[in-house]
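Have a look at the structure that comes next, please.
In order of appearance the chains are A, B, C and D, and numbering begins at 1 in each one.
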Amino acid sequence: MALPGGSAGQEEGARPRAPEAPQQPQRKPVIQRSQVVVRFAGDSGDGMQLAGMQLTAESALAGNDLATLPDFPAEIRAPAGTLAGVSGFQLNFSSNEVFTPGDEPNVLVAMNPAALKANIDDLSTGAIVIVDKEAFTESNLKRAGYESNPLTDHSLDRFQVFEVEVGRLTTLALRELGLGNREVQRCRNMFVLGLVSWLYHRPLEPTLSWLNRRFEKSAELREANLRAVRAGYNFGEATEIFASSYQVPPARIEPGVYRNITGNSAVALGLVAAAVSAGRPLFLGSYPITPASDILHDLAAYKNFGVYTFQAEDEIAGVNAAIGAAFGGAIGVTTTSGPGMDLKAEAVGLAVKVELPLVIVDVQRAGPSTGMPTKPEQADLLMALYGRHGEAPLPVLAAATPADCFECAYEAVRLAVKYMTPVIVLSDSNLANGAEPWRLPELERLAPIKVEFRTDPEGYQPYLRDEQTLGRPWVIPGTPGLEHRIGGLSSEHLTGNVSYSPTNNELMVRIRARKIAGIARELAPTTVFGDPEGGDLVILAWGSTFGAVREAVKQARAAGRKVSHVHLRYLNPLPADLGAVLRRFAKVMVAELNLGQLLKLVRAEYLIDAFGCNKVQGRPFKVSELVARIERALK
Amino acid sequence: MALPGGSAGQEEGARPRAPEAPQQPQRKPVIQRSQVVVRFAGDSGDGMQLAGMQLTAESALAGNDLATLPDFPAEIRAPAGTLAGVSGFQLNFSSNEVFTPGDEPNVLVAMNPAALKANIDDLSTGAIVIVDKEAFTESNLKRAGYESNPLTDHSLDRFQVFEVEVGRLTTLALRELGLGNREVQRCRNMFVLGLVSWLYHRPLEPTLSWLNRRFEKSAELREANLRAVRAGYNFGEATEIFASSYQVPPARIEPGVYRNITGNSAVALGLVAAAVSAGRPLFLGSYPITPASDILHDLAAYKNFGVYTFQAEDEIAGVNAAIGAAFGGAIGVTTTSGPGMDLKAEAVGLAVKVELPLVIVDVQRAGPSTGMPTKPEQADLLMALYGRHGEAPLPVLAAATPADCFECAYEAVRLAVKYMTPVIVLSDSNLANGAEPWRLPELERLAPIKVEFRTDPEGYQPYLRDEQTLGRPWVIPGTPGLEHRIGGLSSEHLTGNVSYSPTNNELMVRIRARKIAGIARELAPTTVFGDPEGGDLVILAWGSTFGAVREAVKQARAAGRKVSHVHLRYLNPLPADLGAVLRRFAKVMVAELNLGQLLKLVRAEYLIDAFGCNKVQGRPFKVSELVARIERALK
Amino acid sequence: MAGTLTRKDFVSNQEVRWCPGCGDYAILAQVQKVLPEFGVAREKVVFISGIGCSSRFPYYMNTYGFHTIHGRAPAIATGLKVTRPDLEVWVVTGDGDGLSIGGNHLVHALRRNIGLKILLFNNRIYGLTKGQYSPTSEVGKVTKSTPMGSVDFPFNPIAVALGAHASFVCRAVDVEQKHLGEMLRRAHEHRGGAFIEIFQNCNIFNDGAFHELTDKPLKADYQLILEHGKPLIFGRNRDKGVRLNGHKPEIVTLANGASEKDLLVHDETDPALGFILANFAPPMPTPIGVFYVDSRPPFEAEMNRQLERAKEQRGVGDLRKLLYGGDTWTVS
Amino acid sequence: MAGTLTRKDFVSNQEVRWCPGCGDYAILAQVQKVLPEFGVAREKVVFISGIGCSSRFPYYMNTYGFHTIHGRAPAIATGLKVTRPDLEVWVVTGDGDGLSIGGNHLVHALRRNIGLKILLFNNRIYGLTKGQYSPTSEVGKVTKSTPMGSVDFPFNPIAVALGAHASFVCRAVDVEQKHLGEMLRRAHEHRGGAFIEIFQNCNIFNDGAFHELTDKPLKADYQLILEHGKPLIFGRNRDKGVRLNGHKPEIVTLANGASEKDLLVHDETDPALGFILANFAPPMPTPIGVFYVDSRPPFEAEMNRQLERAKEQRGVGDLRKLLYGGDTWTVS
């Protein structure tokens, strides 16, 4: 997926890639497709996420561009077989550039009736539905709330339904291993992965080598999983059930080294990379919360990089500990989601006031209050900007794609230490759990992050500012001769001593505001996808809506519409040229997963009669929705 | 002072009042003045607040319109005699309508060098300065940071300086009572109060009767204070020091029963009045914080009204306990200032989601972070609106004057129970501690507050809404047959059961938004002070800036400027006609004590190129500043 | 009415959504079993919880219920109980909800002696967020957030409650149904705040955390059931006892010369003894039952008494007098 | 350098702004007196505070200092100490700051055994906000927020710290300068987190709260100075002692037949004894000194050891390997 303003996968410069030879000879007729969307669905315990991840790896090796979307069940593990317990994973792979996980699956793999029921409405006529026939028992049907068996009541007639006895076939394949039934049933996901891999000519190597690594310590389980995946593959080829298979040729992809990455992992890596660049230890103060916890988990594994992870008693302690670490010279970071952001407000205000560097990552989820913790939304933007008492401005960045989370996390650290300020990074649960191929950055090209603690007592004052950035000097305890005190009370220009002087207070409030506004100086000019000179409509968007908006704009443009896309990474300060760019368009539509938050900012800032395209369903935009909305807007 | 849109003190309808006969015969020449601004200043322990309050009471009885501004020292009690320890109280009394405590005192009473130093720059040439000569000792001068004695170094030549031996004269007056020196010195404030009362023909009765009440239990101290105040009064008349005295005729004031009231006391009374109207107990969950603590203190004294005050372990517990009380059917309230607001965000979001009534009072102080806790600012507006994750709208009201705090608190309760929503009331430290004469409301005229708990199980659903208000039914535990569960997770329309349905979520988010927006229906049309048909400039303002803006607009209009004033009580939702009203003016200036927060809202909402008039000095606007700003804006 | 209630009356129509095998089921079952026996009308019962697997509890009770936000249940329940002392307010919380983010509200509710019945489901793990260690997890615990083992020394919830001077402190085990039922009854009957730590097995993320106390062959040797006025005896042959050596506890074998009358006799009213028992660590057995009780009056009773007293002393508040009663003047 | 420091080196240039007569002055004086004796370089010393009168402390110390927000000092100090174990980090807090809003951070810092030296200035009142009752104020206290007297049962800070299993718990009195100095030294020398409750007189809002412990004629009869290994003796004639009756303490008069060897001997390492002492209430004397010490390793040491171990086991982190090391593929 192309990053906004980035270069990976942009059409110019990308070269065709040699197609890989299929794994095993295929004898049935082969149909060419340019794009396929597969969704695996089953019980939480059915291993659907793993199957999906492996199909992703295979597709990456097959040279396709791709995007994924895991869909976890609500927080509590529901009883097996119920709708509430359904876990899904969707993969879109294509020979073209891919921007979203796809609106409608071409293939649904449903491991039980609940998985079928929860997903069938998303499919269009003619889609392939593969079900584990054996799971359609009386009791499972009842648990899923089916009155009659959909496999026999003709309700699925408009789809191509393939009933496979997954359990029995898997059991057969593993017969000789003498495993217990529970272990055998756990391999069903590999069987269906093998089957789908055959159906779309996916190379099995990534899966086979992953299984070898994963079950390094248990030869038995390794063998079982390997057999299951091969059995599924061979079943596709051997049986009469599928009349044909499909091939999706490789996409033209920018050369480089790639890996799959989720947004949460990318945040963790971006933070580590920044800390390494800065030459400072990283300190994460955090408290577990869906969907941000994995950043904590990931970082906890990087101790050999000098990464401290502190699971605090709550979010307040998490951010405050990070501030304490920053006072001591570490890269202080805190990660959370909406409810945790609420709790951090006071401490973030302190960091603004004492001007210490700090990075706050908010992986947004659907709200308000507890809301839908596993579902995405973008409704924390105004809180990021204004959710603290007093005038307490700070930079706010938003990541557009899972891989972009790396860039944003890295950039946040850079800005934080350069300007001595807290920085908020907005992600969301789409990005957090969604994966995409990430072209690895060349380390030499990462922006330098310079940390120079002042040690010279000559002329030192705690609030003596850098003329360029207006940042104050970072002096850490342990430095002889520079002992000083900071605090949340209003403080005197330069000396930092407590001061109640009215004019001094105004001076300090305005300097801090100017410092943050001044960051706009170093932002790149706004990139317009579409018609940089202007046109009928521009869609302004931010965050994880990037893919859907870009794809929709592409489709509309292909249909001749003069529509463009501007995607913001910096929500505060806004790019200096943004107003001018937007004014080139007859209409400005702000697309976001909230009730119109960036919209408010843009209207206030530029007095442009922009309008919103909004959704608050705990779901991303569908491309088709956006295309329809564009048509409506152009009427 | 005239309330925005209210009627007290408005020029039409107000009748002249018979002047009171002066207390004692005055033989010196008497000069007429239409307005006088007096400031008492001394050490924290010098009783300046009491002297100021009593002069206020006397002036009220004298029939003047008036406004006051106490100015407390920074939070920690500084050592006696230092600048940091200076406490001040300013009173503006007039025969005209008064809107502010006055820009520049005509009289400064300074009990020591520090009090002189801290205040002298606010005086204009010719002002009267009364100092306690005895306090100008070497050591006190040093403590105040004076290099030479201002009483002798001619630095005060442009003022009328009166050096009085306050200590000695008070001692003389109390000689026979045999009090210790400490007690005697404590009466110095009454001596200067007597002196100033003589100077401006203030009737002493209110002070004398207050002293009688206050020292009911100690005849000795009562006598001492009575003697001191009389001694001061007589000293003015008897000595040669003052050549003349001044008379300020009564103002034309709307008939009614009046009392002096501070904003914090008015909030407390408004809440009690609302709870009484609603027929429900009031529960305050609060945690002490400057400048909001007095609301807690006041309410703690109203237990016989069924008022529960719970001093919680922190602000989080305070608001949550209030939510719990509301769940049980009480009027749940929480009071705080900025830093405490930060901490309440998550719980307020819960109240929005579960739709329980709740009133949150934010007595704003200068920020960010700890800032200047005793000083005013209006920089919590955007936080009130957006300081929670997710889409969590709620009504926001702001009080314009101390007395208006009563109305706003009352109205907040009314809206909260009518619409089943949390409501934020914004006050600030100006209003909180400032006092003004309050024309007491006729109880029968208070808007009715109807609380009807549903008890009928027939057709009951927790989220079955009132068609008009969209509020859900308030059902309290203890009601048989209506047992139900509520919570922060996304919940189903009507049933309130936990639901992850995407479209249901959007439905609920939008219904809640519509419910709050719908409150605009019951707002009165916007009142314009000045030219309702439009003009060159309108100043839009909110909160405690009311008086200064109104006075400045009056002055500018008197000078022929076509400038008007619109003052908002409802910040969310905004009045439906506001855009139309503003558009009638060539220019719109938004005056507020922040960097432009209402300004952002107005620009976003109406796409009007409004501009700001801003100040963040922990001080109110001066009328003169605003007048100058108006001139600049009209150029 | 209240008298004729049965278990079914307390079962809501919501599907129970814990993992199969979760200890929460056993606790729910016991609560639903004993509540009808208390003779409290169903509409007078309220369950308030925070966030966590355990905090789903209110949805399954056909009473009034409020599933609030993480850690805040004791604070919300406080506001309710203070203004509505007529209600029986139960709080359900977890080791994370109640001791991590909500630790402060918990200890303050306990010291104030708010008349809440607080059930802390201690599974020594964060269940809902999928398996991070909690403030009661043992040192060295490997979880998602502690791949090299936790270095946090854990809380002992009983000791924390005693340190906060809770007025009723006890411990139960999810699967010891009868004992759990007794503890619930004791909590219900206690006039004031009751803290009940319930060991609860999370079979997904921390299976077997309390297996010594629940596995048949082991438990007799590891469980010490506290009974007021009775000597501390345990062991599958009830041949082991606890004796104080100075103020230090030690195990003695009854056969070997030590007799029952040498043994420490449990005294629920002694906070020091409660603390000694709370600190029992291997090789000492794990006590379950009531550690400590005192009978100081509950907060809400005192608070409401003040309101009553104020009414008696000053008369029921009269709004007109309040507004018009101070220093007023009349302009006519 | 460090060795030649004097009191003056630790005095900052800021004017001290407590009320004249405030107990905070005495504590400041003693801290400034003993710190130079510890031989820690001034730049290695950090004072972190929350909000309150007491929390102004850092401004007056010529060391590194951070006056943070209400209740959060232990959390901020944790982040600093964990990443900078080379620093000597002192936390200054009040009974409101540390036990009301900040209670949770305090107990978590103590259970984790973060190597902070936490001074809790207990004046049993909110000083800075002008006189509301605090979580350590006695029941019945009349303050601005409790005109009819408080109905909150107070915390006993020592018991709270013991309940949280702090590794060093002691109590001192503002005006007992020598003893206070000793306690500061003990805290400094303790390897791990130290909790010091300091009784501090707020002469403006709660004057004389500890007068029995500070007034010359009374204090000998009310103060019990704890010394490890020594019997508990007090009284102006040192003729009163404390004996255990079972596990319940009682006062005996040494003249009347009881002899020193019947007395309870203080043992700092026994948590149960610490808790017994913490709960001493009239007529028992008020103990000051060290209640409890244990020597478990501090959190920051263990945490940093994990980082070191990770580096040993996996090599110092190589960014290229980290990014490029997983499942990658190359497009060319």
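Quick notes on this one:
Keep this in mind: contacts are C-beta pairs under 8 Å (C-beta built on N, C-alpha and C of every residue); 3 or more make two chains touch, one makes a residue touch a chain.
In this text the structure is predicted, and so the values were computed from the model without any measurement.
Set side by side, the interfaces A-C and B-C show unequal numbers of C-beta pairs in contact, with more at B-C. Seen from the C-alpha centroid of chain D, the farthest chain centroid is that of A. Chain geometry summary: the mean Cα position of chain B and that of chain D are 40 Å apart. Taking the mean of the C-alpha atoms as each chain's centre, chain A and chain B sit 48 Å apart.
Distance between chain B and chain C, defined via averaged C-alpha coordinates, is recorded as 45 Å. Multi-chain contact residues of chain A (touching two or more other chains): 303, 313-314, 339, 346, 350, 354, 369-370, 487-489, 498.
Among all residues of chain D, those that touch two or more other chains are 51, 67, 69, 100-101, 103-104, 108, 135, 148, 152, 303, 306, 309-310. Those residues of chain A that touch chain D in the complex are listed here as 17, 57, 60-61, 63, 206, 210, 253-260, 269, 272-273, 276, 281, 283, 285, 302-308, 310, 312-314, 316-317, 320-330, 332, 346-347, 350, 354, 439-441, 443, 476-489, 497-498. Note for the complex: chain A touches chain B at residues 74, 337-339, 341-343, 345-346, 349-350, 352-354, 364, 366-372, 375, 377, 379-380, 382-383, 385-392, 487-490, 498, 500, 502-503, 505-506, 509-510, 513, 594-595, 600-601, 603-605, 607-609, 615-619.
Only residues 15-20, 51, 53, 56, 67, 69-71, 100-101, 103, 126, 128-130, 132-133, 135, 144-148, 152, 204 of chain C touch chain A when the two sit together in their complex. Chain C contributes residues 12, 14, 41-46, 48, 51, 58-59, 61-69, 72, 75-84, 86-87, 104-105, 108, 303, 306-307, 309-311, 313-317, 319-320, 322-324, 326-332 to its touches with chain B in the complex. Looking at the complex, you find that chain A touches chain C at residues 75-80, 82, 84, 287-290, 293, 296-297, 300-301, 303, 309, 311, 313-315, 339, 369-370.
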